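The structure's right below; bear with me while I get my questions together.
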Amino acid sequence: MYSFRNDYSEGAHPRILNALASTNLEQADGYGEDSFSLEATSLIRQQVGRADIDIHFLAGGTQTNLTALSAFLRPHEAAIAACTGHVLVHETGAIEATGHKILSLETNDGKIGPAHIQTVLDSHTDEHMVKPRLVYISNPTEIGTIYTRAELEQLSEYCRHHDLYLYIDGARLGSALCARESGLGLADLGRLADSFYIGGTKGGALLGEALVICTESLKQDFRFHMKQKGALLAKGRILGLQFRELFRDNLYFQLAEHANDMAAMLRQAIQAAGFDFLTQSPTNQIFPILPHWLIKKLQQKYAFYIWSVIDSEHSSIRLVTSWATPIEAVQGFIADMRQYLAERTV
Amino acid sequence: MYSFRNDYSEGAHPRILNALASTNLEQADGYGEDSFSLEATSLIRQQVGRADIDIHFLAGGTQTNLTALSAFLRPHEAAIAACTGHVLVHETGAIEATGHKILSLETNDGKIGPAHIQTVLDSHTDEHMVKPRLVYISNPTEIGTIYTRAELEQLSEYCRHHDLYLYIDGARLGSALCARESGLGLADLGRLADSFYIGGTKGGALLGEALVICTESLKQDFRFHMKQKGALLAKGRILGLQFRELFRDNLYFQLAEHANDMAAMLRQAIQAAGFDFLTQSPTNQIFPILPHWLIKKLQQKYAFYIWSVIDSEHSSIRLVTSWATPIEAVQGFIADMRQYLAERTV
Amino acid sequence: MYSFRNDYSEGAHPRILNALASTNLEQADGYGEDSFSLEATSLIRQQVGRADIDIHFLAGGTQTNLTALSAFLRPHEAAIAACTGHVLVHETGAIEATGHKILSLETNDGKIGPAHIQTVLDSHTDEHMVKPRLVYISNPTEIGTIYTRAELEQLSEYCRHHDLYLYIDGARLGSALCARESGLGLADLGRLADSFYIGGTKGGALLGEALVICTESLKQDFRFHMKQKGALLAKGRILGLQFRELFRDNLYFQLAEHANDMAAMLRQAIQAAGFDFLTQSPTNQIFPILPHWLIKKLQQKYAFYIWSVIDSEHSSIRLVTSWATPIEAVQGFIADMRQYLAERTV
Amino acid sequence: MYSFRNDYSEGAHPRILNALASTNLEQADGYGEDSFSLEATSLIRQQVGRADIDIHFLAGGTQTNLTALSAFLRPHEAAIAACTGHVLVHETGAIEATGHKILSLETNDGKIGPAHIQTVLDSHTDEHMVKPRLVYISNPTEIGTIYTRAELEQLSEYCRHHDLYLYIDGARLGSALCARESGLGLADLGRLADSFYIGGTKGGALLGEALVICTESLKQDFRFHMKQKGALLAKGRILGLQFRELFRDNLYFQLAEHANDMAAMLRQAIQAAGFDFLTQSPTNQIFPILPHWLIKKLQQKYAFYIWSVIDSEHSSIRLVTSWATPIEAVQGFIADMRQYLAERTV
């Protein structure tokens, strides 16, 4: 049974394990003030092209989101997110637990733009309602779609004009940036967002996310917030070291490209077999719509999530690839699918 | 320069790194539902001697404390802690950030007992004050002292009688339990505490703490609380695997014994040289009171914290050993100290 | 200029002012333990027909909602409300500020039922999402509609079956219960809800809401929660005394009936003039849809809110009556409206 | 039985009730935007002597404290208070419930000064601890003592120099300012504090506190915070009107002087009878130390709190006077005391 359920089923890229082993007994300062973390910070600054950004390494995505948003917002201020936003739906009210409402925007493709956001601003006019203050987007979104460079430019300009912070959840950021349609690089994010994070957990690390804070006023005392939320690891070295390894050369993006390539192989084969998709995803998560009989057959050899019921005979499923997905698994899936289809046709 | 500053300066015990490497590409379920975590749970249950306890793996101590206490307490309920309590002083208001006051008890040795706690109960009598509901202790305490079996029995009985939960912060639990004076084992904690955690970060792991919940009413929905506080790692496997390795045999306690032995060597040599200590610590943190000239000399070759100024010529320092402290470092420190003393005497 | 903008434009019913004056210099116990509050509690228990309910007097609606919900819910639990719910939209994130998400249900008439709620339960299945635990309804709703007895019975049964608390915001409860279509009395609420509040501020008092807690498990330590949220007034007597006066005889309902009667006069005259309404409201808030020219004319003599734009020539307005609305004001409004229409027709 | 238990046993000064009655049916804007509140604001600004201060009317002291402090502080910032501070001890963790720790300072007279505060700053040096940011004092303190002009000047200067906000809880502010030893007026507070509140509940009103915000950066969006904490009353008029009445002329201070005079009569008589006091209080709360037999006798005719046990034969009691205390009650108490003493001597 091979699993396409998610991109965190395996451990870490071997180079990361090697780096952990080879530095294991070096004594390092605690709480992220070690030399590995400083090196990783320096490498990311170079790739973003700004020496003035702050970078903090945290353990996971929900932790990063809740620490950042609670640090950035005053008590009466709210975040705005797509109705599919991870922070809105799948973090067990983590943001609300820090005291902040998230205003939800209806959207089909997981993306939000100025027009959506304007409806929120129009309806939040006085002190009887929360004050919208931060726009949360995920890139790629939770359903695999991405923001183009033009879309992000426009969104950023809109936010600045309306005194809204733009925050990007980059749990799978590598996959978005490596998608051919994207046209975005880390330097663009550093220019357009107030803060964003570079996901390590789903990008080849054992764990870890690198939060980038671009806007001066958001930087102050951030390590206090981290400590208060339980996000300052005693052995911060193990986060810094992993990001040093991922950004020492192009490893982070190579791994994301591999994941994208594996998803593309699946997508093309499924499309060629005549099936449609729930969303247009150029990233490592795809959502083909398949007949129930085929889903059942595939489930005998492959693990994946049923995403949503389409009609009485079809559902969409979610297939996720990762840095660790072997091409053989993809080829096997495609061959099996073709065989099942062929048997059925006969 | 060798550092005795803390017990989290190195990575992990090599067996843990090996286990990570050898299982790295096995696909595992996410969020702590993997087989490694289940094995670790089973092993810890065996050592505690109770099949009915719940065990959750979290990333760090502050995270564990804030997730547990906020889950266990209702909004108006407060914790009680020694004035030196980690949760009170060194977690940047993490518990208060979840809405709960911590009531502080003055104590010289970092320990609290029924008589202390009774003063709090006596002065908290109605709804104009918080309701004391949970007693937080650290074992060993933040200044290296430990609770004896008799003390813990008495405290536990008192808490049950007064409807107070007893929670034990075990960041360095191995060191406490391995101290000869302790007389306590995991089974005792499982019997006497409502909840406690077994520290991994300072006990040989890269990161990770195992929270044990003994009392039925505190177990419900705990994974919701973990997720909400950012404490449910996608690759929970890496926490489970480390605890599996630490508890697969006696490794956890062997490492703690080594740390204690190294501290004992230092303590005996310092004592033999005629110096006193700030606290009576049988664990891996000791607080000798040394003359300033000697401290200055030692600082040229060894890193450690100055803990407190005693008088114009003496301060106490903190020396911390760990699973990773080589005996050569300890021998070197002792030899150097003796030499400095000898030179001074001449 | 006469205002139909809201039902809190005036002070209090004269009987209440008289009661305040005549008891002014009697010394009374503080914090709601005075004899007036005890009398009021006893009178409300009689009307609800249950001696075992707890009753607390708070200063305002938002305060009551946030104190109750934060006391009733554990950190990971969420409330469910209609998209128009006061608690969701118009309390500046008060509930989220206590740590709880509110899940929003789309609805046109401000009301929610089992079918709506079931969609929430169906989509909240594990610890990655909040746990829905309390259903918040307003009766009357924020747009004047009411729950019938049959609807409330059904909702209550559904909630009990699914382990959901049913909480009723009764800011204008008198108006709902006095509506002919309602069929509900206080005894029904005491039987069907876990908790509800009887609004005083909009029902003839200077300020004050009476929170009723019916369910045993929700009662414990509630005064602690009140104090913590700043809801325990030193001179609680002034809340108790007002409710004593309102419930000493039928005054509370007489005032609500008057408000309803005044709204009915307006409604019938507007309907007779050929205009439609945004919602079917039998209570003291009505939302006629009027042509813009007529709205402009009426605004010269009457204050009211424009509620929503219907089309290029029509908007709905909100007219609110109260215990204090003189029949002359209503007659004046109707006469003026008819005159404007007559002039226009000519 | 006459009660000296507190200064909120009666209703309001008759002029306030008259004002409520005479304006009762005037229609006014809601939520504190009425003309009465505007007038009261203007009158207080005149007395403080600054046109640029913001003034908000809230319902009670705990509500005022929690709304202000949670608005002023960022999540990791803490307040500093005397160990007797109301906000620390007697508000059921209200401040902690908004996420903030309060650091306690030991003091015998309820007052804190630069030297105390410096110890906190010295021990809070990095992100592992909260960041002290606001100094909370009560004037008068909870035990009746007051800050002199020189003390407040010094404290204010210290706070500004160390980037600490100075906040004054003025639940009984009139009593402090009218004490002969004070030398402080509202204008001094407006100059020396960042924010303070003028207590109405204990100063002759039915309820209500006037929060004054002097420092520009603390003013922004304060009404959002009020609404979120349930502190924006629909009929804000009743708060504004009471403060208009209290500050229309010198009424607020006349009432405070009466309370002080009544306490002074008691104090002098008790002193003349040879008894000592727990604290040096020139305000409306005094704490004589009396023999138990005398306390028992007095309790037959007068209600008051036993404050603390001094020795096996003596306790301190608390006697509180107010705007409503009739001189006859004070004279009666004194006469009875003298008689009991005379009888005992015989």
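Residue numbering begins at 1 within each chain, and the chains themselves are lettered A, B, C and D in the order written.
The rule we apply is simple: a residue touches a chain if its C-beta (ideal position, glycine included) is under 8 Å from a C-beta of that chain, and two chains touch if they have at least 3 such contacts.
Quick caveat, the model's predicted, so the values are computed rather than measured.
A.B. asks: For the interface formed by B-C, which of the candidate pairs A-D, C-D or A-B is equivalent, sharing more than half of the contact pairs by residue number?
C.D. replies: Matching more than half of the contact pairs of B-C: A-D.
A.B. asks: Farthest chain from chain B, going by mean C-alpha coordinates, please.
C.D. replies: Most remote chain from chain B, centroid-wise, comes out as C.
A.B. asks: Distance between chain A and chain B based on Cα centroids, please, to the nearest Å.
C.D. replies: Computed value for the inter-centroid distance: 34 Å.
A.B. asks: Taking the mean of the CA coordinates per chain, how far is chain A from chain C in Å?
C.D. replies: Spacing between the chain centres: roughly 43 Å.
A.B. asks: Once you find the CA centre of chain A and the CA centre of chain D, what distance in Å lies between them?
C.D. replies: So the centroids are 52 Å from each other.
A.B. asks: Do you know which chain B residues sit against two or more other chains?
C.D. replies: 75-76, 91-93, 97-99, 127-128, 130, 224, 227-228, 232 - these are the residues of chain B that touch more than one other chain.
A.B. asks: Touching chain D in the complex: which residues of chain B?
C.D. replies: The touching residues are 75-76, 78, 89-93, 96-101, 104, 127-130.
A.B. asks: Over in the complex, which chain D residues touch chain A? Could you list them?
C.D. replies: Within the complex, chain D touches chain A at residues 31, 70-71, 74-76, 98-99, 127-128, 130-131, 221, 223-228, 232.
A.B. asks: Going by the contact rule set out above, which residues of chain C touch chain D in the complex?
C.D. replies: Checking each residue of chain C against chain D gives 2-3, 6, 8-12, 14, 17, 20-21, 23-30, 59-67, 91-94, 97-98, 201-202, 206-207, 224, 227-235, 237-238, 324.
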